[in-house]
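The two complexes that follow have subunit A in common; it is paired with subunit B in the first and with subunit C in the second.
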Partner chain A sequence: MKRSQRRKIILSLLPLVLILCFVYGYPLLRVCTSAFLGFTGSAKGQFVGLKNFILIKNDIPKTVMITLIWTFGSVIPAMVFGLMIAMICKENFRGKKAVVAINLLPYAIPLIIVASCWRFVYNPDFGIINVLLKKLGLVENSITFLGIDMALFSVILARVWRAMPFAFMNYYSALTTIPQEQYEQACIDGAGTIQRFWYITIPNLKAITGSTFIVLIVWTFLVFDIIFGMTGGGPVNATKTISMHIYQEMFSMKNLGTASAWSLIAILVLVVITIIYWKIMNKEEKA
Partner chain B sequence: MNKKTLPGKIVRAVLCVIFCVFAITPIYTALIVSLTPYSNILEPQLFPHYLEFKNFIDAFQLIWRNVLNSFLYACCATAMTTLVAVPAAYVLAKYRFQYRQAMMFILLMTQMMAGIVILPTLYRMFQSLGLLNSRGGMILVLTGINLALVVTILHGYFSTLPIELEEAAALDGCSYVQLLLRVILPISGPGIAVGAIFVFVNSYNEFVVPLFLLTEANKYPLTLTVYSLLSDTTIRWHIMAAASLIGIIPPVFIFTFFQKYIIQGITSGAVKG
Partner chain C sequence: MKKIICAILTGGILAGSMVLGCGASETTKITVLRPGDQEKVASFLEPAVEQFEAENPDIEVEIMYESWAGWIQKYPTSFEAGTQPDVVFWWDNKLNDSSAHDCLVNLENHLDEEFFAQIPDSVWNLVKADSMEGIYYVPSSVDSFALCYNKDVFETAGLDPENPPETWEELLGAAKTITENAGVPGLGIPAITGSEVLEEFIGLFINQATNAPVLDENSMPLFENEAGLEALQFVEQLLPYIQESPTEYGRGELRPLLRDGQIGMIIDGPWAVAAFTGAYGENLDESPIGVAAVPQKEEGETVVWAGTNGWVATREETAEASAKLIEFLMSPEILESHHLAYGSAPLYESEFENEAFQYDYWRVFYDETQDYTLYGMIGADSPTPAAYYTALEEVWQQLVLGQLGAEDALAAAADAAESVTARNQ
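Moving on to the complex of A and B:
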C-alpha cells in the first residue's frame, strides 16, 4: 500500500477512533477493573477479588428472570403485531398512508415520554383503561396496573407499543421486495391465501425476522428509561431488571464496584449476541 | 392481483382500527389530561370535558429553556457526528486495509451497547476530569454513541459510488479533502440526510446520558425536565401532560415529514429499535 494512501486512511479514522476510545474504550476498561475493586474505604478502590459478585449473588436469579420476561415478553408480541400490520399494509387500500403514519408514530417518541404517557393510561383515577372498563361495567374498582402483580406486564406493554413500529417497518419493506411473480405463479397453481402465506411469504421473511429479533433483543434487554420512569424498578423490585440494578447500585448504594459487576454481566451477554449477529450478517452478505 | 372479498375487507378494517387505537391511546390520554384544569384532574374522562389551553402556556414557560438545550445538544451532536463520520465511512467503504474488519466489528459493538452499562464508569471519569455539567462533554458523549450509526449508513451509501469518481478527481489534481468536499459530499445528500435525521432525533430523545452527566437544572434537556416533573412528590399531571406533548412535537414532526428517509434508515439495519 502506498504511503500517502496509508496516511489518508489513518487521518480519516483518527477522530472516530479517539472519540470511541474516550466514550467507550476507557469506560469499558474501567468496568472490567472496577468489578473487582472495593470502594468502601477509598474512592480509588482496592482489589477485592470476587467480593462484588458475591454481594450481588442473591439478586442474580430473580433479576435474570425478570430481565428475560421483560425482553422476550415485549420483543415477541412486538414482532407478531408488527408482522400483522405489515401484512395489512402490503396491499393498497384507502387510508393506508394514514395507517402507516400512525403506526410509525410511537417510534418517534422519547422513551421517558413513553413512560409518562403510559402513566396517564394506567392511572387508577383518570387512566383511560380504567375509565373504559368501569364505563362498560367490567370492573368495579380500578385495576392498579403499576401495583406489584401487574407492574411487569404493564411496563412490557409500553415497550411493545414502542418496539412495534420497528418490527413493522422492517417487515413492511421486506414484504415489498418479495417478487410478485412468485405469488402470481402460486395463484395459477391454485394456492389459497394461507398456502401462499406459508410457502412464499414466510420463507422470504426468514432473514429479516432473524436480524430484527436479535436487534430488538439487544436493545430491549437494557432499556432503562421506560422502567425508570414508570416504576423505578418497584414495587418491591417487581420490575428491577439488570439496568435498574446498575443505576441503583451506583446512585442509591454509591457502590461503583457492584454497579460494575452488574455492568460486566450485561456486557458479556452483549458481546455474545453481537458476535452471533456479526456471523449471521457476514454469512448473508456472502450468500 | 386478487380482489379482496367483502369479509376480507371487514377483517382488514377492524385490524387497522385496533392497531391505530393502540398506537394513539397513550398520546390521546395525555391530550385529555393536558386539557383538564388541575382541580378536576381526577375526573374520569373518555372524551375531553375541558379545554384548558392555559396548561400549555404554563408548561411552555416551564420548559422552553430545556427545549432550547435539547436543540443545542442535538444540533451540535449532529454536526460533529457527520463531520467525523464522513471521512471514516469513506475509507472504510473504499479501501481494503488491515484492521478494516476489526473496525467494523468495533462499530457494531458500540452500536449494540446500551449507554447504561458504561455510564457508571464514564460518570467517574467525567467527575475526575471536571467534565460533569459541561455542555461540551455532553455533546461529545452524544457524538460517540451515534457515530457507529452514521458510519454504517454512510458506509452502505458510499459503497454504491463508482471508484471512477475518485480517479477522475485525482486526474484533475483534487486533494483528498477537496475530493470529499467537492465530489463526494454533493452527491451524498440523501445518505447524509438519513444519518443526520437519526442522530438529531436520538440526541433529542436521549435521557440516560444527561441523567448521569448533568445535575444543574438550567442545563437539563427536555427529557430530564419531563422526568423531574414525573418524580415530583405531588405530580402536576396537567403540566406534565402538556410538557410531554410539547416535547414530542419536534421528533414527531421530523418523522412525519421525512418518513421516506426514516424507513430507509431503519431498513439499512443500522438503527436502534
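Moving on to the complex of A and C:
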C-alpha cells in the first residue's frame, strides 16, 4: 500500500477514532480512575488505593456467580429456543407470518415493561400462572416464583423470553441463506432429519451462533432493568447481579468509587469471557 | 417636523417602557415542585399558586411536574447542576443528603413564631436533624402507622371486631387466632426488596421497645440492646402467622388481600385508605375494614412510626419568596386541599371541618400524630440515608424468612448500620 493511500485511510478513520475515544475512552478512563478515589467522608477526592475493592470484596464471589448464572442461564436457552422456532418457521405453513411476528413481539417491549408484566404474571395471588395452576387443581398453594428459592430462575425465564427473538431473528435469516442443494444432496445420500440438521444446518450456522452468543452475553451481563423491576436484587440478594450492585453503590450508597470498582470487575469478567470465546473459535477454525 | 415629533414620542415611549420593564424585573421568579401524579398535584397546586400570585404580585411562581420515581432518579444531578426547583416537597430524612444538603436554606428567620406553633411539637421533634441547627424543613403531611383489620375475618375467627388488639400480646394472640380459626394469615408483613417498607415495619417495634429512634445523631444503631432484642423476638413470634413468601409483598400488595378477607390485619399508613374507600366508599367506619391505633408494647410510652414529607427551600437568593410560598402552602385552606388530593391524614384540627375528614378513622391517624411519641424515617443525619435501608433490609429479610434468629439479626443489623456509617467517616 502506498504511503499516500495509507495516510488517506488514517485521515478518514480519524473522526471515528476521535468519537470513539470520546464516547468510550473517556468514560472508561474515568471509571478506572474513580475506582481508586474516595467519594465519601474524609476520603473524598483522595487516592485510596484498593480501599473501594476491599469494601466490596466479600460480595464479589457470590455476585459474580449470580451474574454468570443469570447470563449463561438466559443466553443459552434463548438461543436454543430461538433456533428451534427459526427451524419451524423455515418451513412453509399456514400462519407462518403471524408466528414470525408474534415471536418478534417481546423484542419490541422495553425491558422495564417486561419486568412489570412478568411480575404481574408471577404474582402469588392473582398472577395468571398461579391462578391457572390452582384452577386446574395442579397446586394447592401458590408457587412463590419471586420467593427466595425461585427468584433467580424466574428472572432468568423473563430474560429468556425477551432475548429469544434476537436469536430467532439471526437464526431465521441465516437459515434462509443455506443452499437448498446441500439438503437435497443429503436426502439423495439417505441422510435423515437429524443428520441433515447436524451435518448441514449446524455447520452453516456456526458464524451466526458465535456472533449472536457474544452479543447476547454482553447485553445480558449488563441488563439491569428486568432484575430491578422484578426483584430489586432480592430477596436477600438472591438476584443481585453486578449491574444491581453498581446501581446501589451509586444511588443508595452514593459512592462513585465502589460503583466504579464494581464496573471494573464487570469489565474484567466480560474480557475473560470474550478471550475464552476467541480461543475456542480460533481452535475450531484451525481444526 | 411631524416626523421628528413622532420619533421623539416613539423614543420616549420606548424609554418609558424600558424603565417600567426594569421595574417589572424586580419580580422574584421561583419554581416549585411537588413530585407525584401530575393530575393530583395540579388539582391543588395550580389554584393555590394562582391565589398566591394574586396576593403577592412581586413573586412569580412556576410549577414543575415530575413523578416521584422520576424525581428520585433526577434530584442528585439536578442539585449538582444547580437546576433544582426553589421550593421542593422533600423527605425529612434527606436533610443531610449529600446531593442536596449544601443547597437547603435555613427558614427560621423567614417564618414567624405563630407559623411554627400551628404544627405540634411531636412533629417538629420527629423531623429534627440533630446535626443541623435551624428550620430547614417544614413538615406538611405526617403519616403515622395504624392497625387496619378485616372485621369479617375477625368475626369468622371468633374475635370481637369492635375490640381490635391494643398491645403486642393482643396482636400476637389475634394473629394466632385468625390463622388457626379463619384459615387465613393473621398478619401481613411487607418485605419486598428495594423499598423501605420492611425497615419501617420492624423499625416500629424497635422504636416502641427502645423508645428511641433506630439510629442516633451520629448514625450509630440505638437498638443493639435488650429492648431491641425484645422487638426482634416479638417479630419472630409473629412469623408463623404471616403470609407465605413475605418478600413478594409490599404494602400495596397486602391491601387487596385485607380488603378481600385473605388476611386478617396489616400495619399501614393513611395511604392505605384510598385502597379501601375505593371498594367500600368514604365511610370506612361502616365498612368491613377497621382502623385502630397501632398496638403498643405493654409497658412504656405510646410510640408510633410516622413518615413525613414537607417543604424545603433550596436557594438563598430566593429564600424570602420561597418562605412566603411555603407559608402560604401550609395555610389551613391550602394544606387541607393538599391532604384531600393525596389522601393524607389531617395535620390541623381545622381540617376536620371538611366533610371528607369527618370519619373516625381519620381521627386515629390524627390523634397518634398529636399525642404519641413519633419516630420515623432513618438516616436524617447521614449523607446517604437510603444506604441504611438497603443495608438493614437484607438482614430484616433474613429474619422474616427465618434464615436468621432474633439475636443474630440484631448483631447483623447493628453491623450493617455501623458499616454504612463508617463509609461516610
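In the analysis below, the second predicted complex is superposed on the first by the 240 of 287 C-alpha atoms of A that agree within 3 Å, B and C clash if a C-alpha of one lies under 4 Å from a C-alpha of the other, contacts with A are read in each partner's own complex, and residues count from 1 in each chain.
To be clear about the criterion, a contact is a pair of C-beta atoms (placed from the backbone, for glycine too) under 8 Å apart; a residue touches a chain by one contact, two chains touch by 3 or more.
Nothing here was measured: the structure is a model prediction, and the numbers come from that model.
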> Touching A:254, do we find subunit B (first), subunit C (second), both, or neither?
Replying inline: second
>> Going by the contact rule set out at the top, does A:190 touch subunit B (first), subunit C (second), both, or neither?
In response: neither
>> Contact-wise, after the overlay, does A:61 reach subunit B, subunit C, both or neither (first, second, both, neither)?
In response: neither
> What's your read, subunit B or subunit C touching more residues of subunit A?
Replying inline: B
>> For A:147 in the superposed arrangement: first (subunit B), second (subunit C), both or neither?
In response: second
> Just subunit B (first), just subunit C (second), both, or neither: which does A:104 touch?
Replying inline: first
>> With both complexes overlaid on chain A, does A:137 touch subunit B (first), subunit C (second), both or neither?
In response: neither
> Between subunit B (first) and subunit C (second), which does A:125 come into contact with in this model arrangement: first, second, both, or neither?
Replying inline: both
> Of the residues on subunit A, which ones does subunit B touch that subunit C also touches?
Replying inline: 123, 125, 228
>> Per the contact definition, I'd like the list of subunit C residues that touch subunit A in the complex.
In response: 73, 76, 98-99, 191-195, 244-245, 247-248, 253, 256-257, 262, 383-384, 386-387, 389-390, 393-394, 397-398, 401, 403, 420, 423-425
> Touching subunit B in the complex: which residues of subunit A?
Replying inline: 1, 5-6, 8-9, 11-13, 15-16, 19-20, 22-24, 26-28, 30-31, 34, 81, 84-85, 88, 91, 93, 95, 98-121, 123, 125-128, 130-132, 134-135, 158, 161, 163-164, 166-167, 169-170, 172-174, 180, 183-184, 187, 211-212, 215-216, 218-220, 222-225, 228-229, 243, 246-247, 249-250, 256, 259-260, 263, 266-267, 270-271, 273-274, 277-278, 281
>> Which residues of subunit B touch subunit A once you look at their complex with the stated criterion?
In response: 1-2, 4, 9, 12, 15-16, 19-20, 22-30, 32-33, 36, 41-46, 84-85, 87-88, 90-92, 95, 97, 103, 105-106, 108-110, 112-125, 140-141, 143-145, 147, 151, 176, 201, 204-208, 222-223, 226-227, 229-230, 237, 240-241, 244, 247-248, 251-252, 254-256, 259, 262-263, 266-267, 269, 271-273
> How about subunit A: which of its residues touch subunit C in the complex?
Replying inline: 40-42, 55, 123-125, 141-142, 144, 146-148, 228, 231-237, 248, 251-255
